[in-house]
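One chain, chain A, links the two complexes that follow: it is found with chain B in the first and with chain C in the second.
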Partner chain A sequence: MTTASIPAASGRRRQPTKLRRAVRRNVTAYGFLCGALICFAFFSWYPMVREVILSFQRTNFVDPPRWVGLENFRTVINDPAFGPAWVNTAVFTLLALLCGYGIPFVTAIVLNELRHARAYLRFVVYLPVMLPPAVSVLLFQWFYNPDYGLFNQALGLVHLPGLQWLNSTSTALISLVIVSTWMNMGSGTLIYLAALQTIPSELYEAAELDGAGLFKRIWHVTIPQTKLILLVMLLLQIVATMQVFIEPYLLTGGGPENATVSVVYLMYQYAFNFGNLNAGNALGLMLMIVLMVFSAIYLRVSRDNTV
Partner chain B sequence: MPDTTTDVTVMPDSPTGTPAAPARNERRGRRRPRKPFGTQFRTAVSPHQLNTTRGRIIYWIVLAIVVVSFTAAFVFPLYWMVTGAMKSTEELNSIPPTFLPSHFSLDGYLEAWDLLDLGTLLGNTALYAGGAWLLTLAVDVSAAYALSKLRPALGKVVLALMLSTLMIPPMVIMLPAYLTVKEVPIFGWNLLNTPWAIWLPAAANGFNVFLLKRFFDSIPRELLEAAEIDGASPGRILWSVVIPISRPILGVVSILTVVNVWRDFVWPLLVLPDSDKMSVSIGIASLSSQMPQNVLVASLVIASIPTIVVFFLFQRHIMAGLTAGSLKG
Partner chain C sequence: MKSHKLSILLVSGLAIAAAAACGTDNSGGSGDKASAAPEGAGPVSISVNCEPPKTNKAERATFEEDLAAFQQLNPTIKVAKVTDAFPCYDPRTFEPKLASGELETVFYVNFPNVGRLIESGQAADLTPYVNEIKTFQDYNSSIDLFKKDGKVYGLPTDGYGMGLVYNKEVFTKAGLDPSSPPKTWAEVQAAAKKIAGLGPGYVGYGEYSGNNVGGWHFTASVYGRGGSVITDDGKKAAFNTPEGKAVLENLHQMRWADNSMGSQLYIDWPALMKAMAGGKMGMMLGAPDVLISLRNDFGGKFENYAITAQPEAKALFNGGAGYMINPKATPEQIKAGLKWIEYKFLTPGKGQFDYARAKSADLTVGQPYPDLYRPDTPSGQAVDELRKANANIDLAQFAGWVEGSKGIPPKAEPGPYAQEIYKILDTPMSAVLTRKDANIDQLLADAESKVNSLLASKG
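And now, the complex of A and B:
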């Protein structure tokens, strides 16, 4: 920071001013930092610590909190919805990855080949992302209506029997996956499209000269060239979809018969419907540990590979 | 040594290897009506194959399928939403469905505006988004500036702590954060149903600090030193030197903040339970089961207009934010 090259004779005098300058610089710096430090301390760092503490306590906000060891965890694990919640979250994540990860990438590859209507297609695929998620979800609630919803009306037009969609245990979860994919795939598509456009054309030309067909070129050029972004997006998407809440909250309330209850939804219910905040915290802590594994991999990957 | 132009005139039907510009001049007036697909950006599909008759047919078929299916998948639902709000309940229930509303009227929209008190809800949301935007810029810009240019003792530790919040999924710390808002430690304030419950947590955004710091790091030191020699204080340097040249990244951070607050659902659901303090998403969702279908749909249309307008205005920044978001780290 200090670059002044004053003759060595004044070396002795500089000692206190240098210190004072350092102190002043630090005071100014922390002055600039204090707003952020307060916000982070109250709304990020303290809640992180408190999440762990509350999981092992029993609090009712009247009496002082009591340490109860693993009791909260036992409560949650013995809940009949506990198993379904994790299974549903895992299945939802898997299906949402199959649709929400595969479809955008294929879409991006196709869009990248087209020479016409590019701006239109890019805009259209991003349209649902512009809507607030609650709007998309409520819109699909209407479409899923077995009596007058768009989907059953469309099936009726081609003389197919309508489905129960959200009301049946067999179709409820996949219905949630469809909404989730519809409203989220735009950003993934555009991110992949941006990545595809950075692939140097020489690579394709070279592959073609070597006699590689279209699918071989995609396999040996496109995918290796976008490997990093594919990996990063995969991890981001796992972390995002495992926190699924708004779809079950608005569409099914976890039903029918716990077919769509997710971990975060169960956590919400513990805190706000069952009046057992600590059990909700215990559940949250379990989810946090699972998700942090993915987050850690993500941070590792992106740190190692970006400039 | 055959020159390319004569080559074209000799074999006009062979598209292979002909540079686009001279070829076009030579082809003028010939039978082939279309100009060849450009070779300026080369992708997985070979431009040579694309320019054969078979390649063209396949290309146009694929294009047609993509355009039709995208329109059906992404535009039609929105068309259905906008027109659905104009239909009466009986018309919505009719089978087969009507593709155009039987009569054009905006009554559904007016009814939705009144019944759901959308004016208040939109006003609330604008207040939350606007305040979060100002506070986030003020807090995160000055923090990133301090970490990047003033480099205090323990600055690296502070930065690491801020970035560590990126690893914590927001849903997981939602309950303890809710308790903090309900009773702020030390101060004992209850922030529930106040805008601060949205604004303060929005400012604690590690990703914004990261984006800003990375940008500030790229500002040449000489520029700031010149201002320092002229006697400018750190605050003055931030305001008159750093901020003016950081417009692009400030745009990205602004748009990310506003869009996030506008789209957010869970957090406002927890901290703004009063019906006259709700954001528009929560307000509509909480009343959705009591509304006639056409009124509900009309309210959905109205709630999406602001975000779509914002998107049109700031398209470039949003795209920049999207790619910045994908490569964070």
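And now, the complex of A and C:
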């Protein structure tokens, strides 16, 4: 029954206001929305609010918390690992972008061009994503072993000297980037592949008729047509790689000599090994602010490209 | 547009409502969920943790037997909840459990975390009650770790000093005499070189270098050489000394000049244990419990391993674990919790010291720990006699450690910020094991400056 069908002379009942009509019209939608809102409120917004509060407090969860101003921030900033952690995280993010952004895109283009064994190769590319991250990391621990690891054996076959991989300050971080790229490239490749398959073939045919070669076709057709997904993936990857944790935690313990300590790894140390949850929260808040900047860019880019 | 505003209103309202619903007040927590009845009004209810896991059937059965016997002996105490989460003390869950009221009344804690919990007020003051424990006065110095400013905050239930764990089979293969293990670091170095010479995969001596365990073993090594990590007043670093330098120089020499340490980095506790259990590693620094753990947890051949005294030891790093009481517990719960600790862990002939039962359950008996009581006390003598009478393992595997460690004073963790200090000390440890050109003087000076800054910031 609609409001229009309600008899005008139903006693002294007032006409429903516009607001009420809007609520009635959308009551089911609001019902569904409530579930999501409650989940977000409990599991995302509330923890974030608590994180902000805790980063300005000192608490032992027994006595009432004390407000300590910026003391927790001073604690983490004065930590000798604070600088290396941010530098390592930034370098990791940059390297992970170079490898983890370019390689899946190129792989997707190659897979898109293939006419045979397409499904098999997609499966092979996606396989690492299906492995639990801890398993992948431990697999690479064996690959990287300087004495009997797969990589040094492979180098030995072509008469190249073995590397120290995780044991050297100069190669440890890039070793983590390789692990991260291997673990995550499957998802990126599939997303790029899906985007590539939405490009009308007529555009390529037209480009070919205009005499465009492979690289010109990629530059003038593929990249503009997948621009939105490329930008979104770029920003999502920055947000994800800046939170690198499992690779240093399981493979290097932040070493050697702090060469792989990351911001999240340091946060974990404060929260769980040093018993200073408040300082861990302060570090988390710093990272959150940095990531919010990237998220703001992401939202801006999404909006500009969808208007 | 109106609809949009309504959505925003609804979202904000729900978020605020949810946040308000979740808001916690830490000040008025009633402690763990087990309830405390007023004195004389009925049984007092407590909860305990660290029940052995289901996979460890024999120890779990003895635990449950002890629990039943304890409650029969103490009808006014009800153990309402028993948890078996492993590890017994998990820093990742400790504070969330404390905040949510889920922390057990009686909780396990290992030595490296004791000082921090006392410092942060996360353990109950037991001082008024501890003298009711019959064996309390017999404790050796391990109890000191649980004391601060004359107050007692917990009770050690397991304790041991460091030693040198070695693989007898590997020693024999390398032409070394397993009944005459190294007594000096020079002998360790020579033995490690011979073992590494056995071929690919053989490691003479293994050592940690990350995740704070590198710093932990540096500390144990410095203690052994007679040095300290921090000054007695806890205000300054004290490891940039000939002792600290000797530790790093020795490792650097073995790693790079002798090539007797392999190139694998052992960044956490299980990594080195796995390597030792693998049967191709000759020696590592460890406590007597390492032998049992190599067998029970890492599949090592127990009979192949032995432990001897830490070479040239002037002090032994004091490792172990104990129990503390939830700071939100009532006095009745504290008393009940202490009774459980006393029955299960501190009474000769009962609980963990019921060696006759352990022997019949095919658990190992004879290992020289827990080392809780002074040897000249009634408790110390009783435990020693029971242990010897029921021993079912080859005591010779521990004999070198027992004899060699006699009279060497124990030395505790370096204060409440031990983990932060260990993290800093990981750096020189990993440097000497990964860089041939490591500048040891510079590494020690850098670490010293960092530890000094850390301690200064803590006031």
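Everything that follows uses one rule, which is that the second predicted complex is superposed on the first by the 258 of 307 C-alpha atoms of A that agree within 3 Å, B and C clash if a C-alpha of one lies under 4 Å from a C-alpha of the other, contacts with A are read in each partner's own complex, and residues count from 1 in each chain.
Here is the rule we go by: a residue touches a chain if its C-beta (ideal position, glycine included) is under 8 Å from a C-beta of that chain, and two chains touch if they have at least 3 such contacts.
Only a predicted model underlies this, so the values are computations on that prediction, with no experimental measurement involved.
By the touch criterion defined above, A:Y30 lies against chain B and chain C together after alignment on the C-alpha atoms of chain A.
With both structures placed on the common chain, the touch criterion links A:W45 to chain B and to chain C. Contacts of A:I218 after superposition on the shared chain: chain B is touched, whereas chain C is not. Judged by the touch definition given at the top, the superposed model places A:Q269 against chain C, while chain B stays out of reach. Of the two partner chains, chain B is the only one that A:S295 touches; chain C does not reach it. In the superposed model, A:Y148 lies in contact with both chain B and chain C. In the superposed model, A:L138 lies in contact with chain B only, and not with chain C.
In the superposition on chain A, A:L277 makes contact with both chain B and chain C. A simple residue count on chain A separates chain B from chain C, and the partner touching more is B. When both complexes are overlaid on chain A, the residue A:Q243 reaches chain B alone and has no touch with chain C.
Taken together, the two complexes place residues 26, 30, 33, 37, 40, 42, 45-46, 147-148, 271-272, 277 of chain A in contact with chain B and also with chain C. The touching residues of chain A, counted against chain B in their complex, run 1, 3, 25-26, 28-33, 35-37, 39-40, 42-48, 50-51, 54, 109-117, 120-121, 124-128, 130-135, 138-139, 141-143, 147-148, 150, 153, 156-157, 182, 187, 190-191, 194, 196-197, 199, 201, 204-205, 208, 214, 217-218, 221-222, 229, 232-233, 236, 239, 242-243, 245-246, 250, 264, 267-268, 271-272, 277, 280-281, 284-285, 287-288, 291-292, 295-296, 298-299, 301-303, 305-306. Looking at the complex, you find that chain A touches chain C at residues 18-19, 22-23, 26, 30, 33-34, 37-38, 40-42, 45-46, 49, 59-65, 74-75, 78, 80-81, 145-148, 164, 166-169, 251-258, 269, 271-275, 277.
Residue ranges of chain B in contact with chain A, taken from their complex: 37-38, 41-46, 59, 62-63, 66-67, 70-71, 73-75, 77-78, 80-81, 84, 92-93, 95-97, 138-140, 142-143, 145-147, 150-153, 155, 158, 161-162, 165-181, 184-185, 200-201, 203-204, 206, 209, 225, 234, 238, 262-263, 265-266, 270, 280-282, 284-285, 288, 293, 296-297, 300, 303-304, 307-308, 311, 319, 322-323, 326-329.
Residue ranges of chain C in contact with chain A, taken from their complex: 2-3, 6-7, 10-11, 14-15, 17-19, 22, 26-27, 29, 91-92, 95, 98-99, 113, 116-117, 120-122, 200-201, 209-212, 214, 262-265, 267-268, 327-328, 417, 419-420, 423-424, 426-427, 430-431, 433-435, 450, 453, 457.
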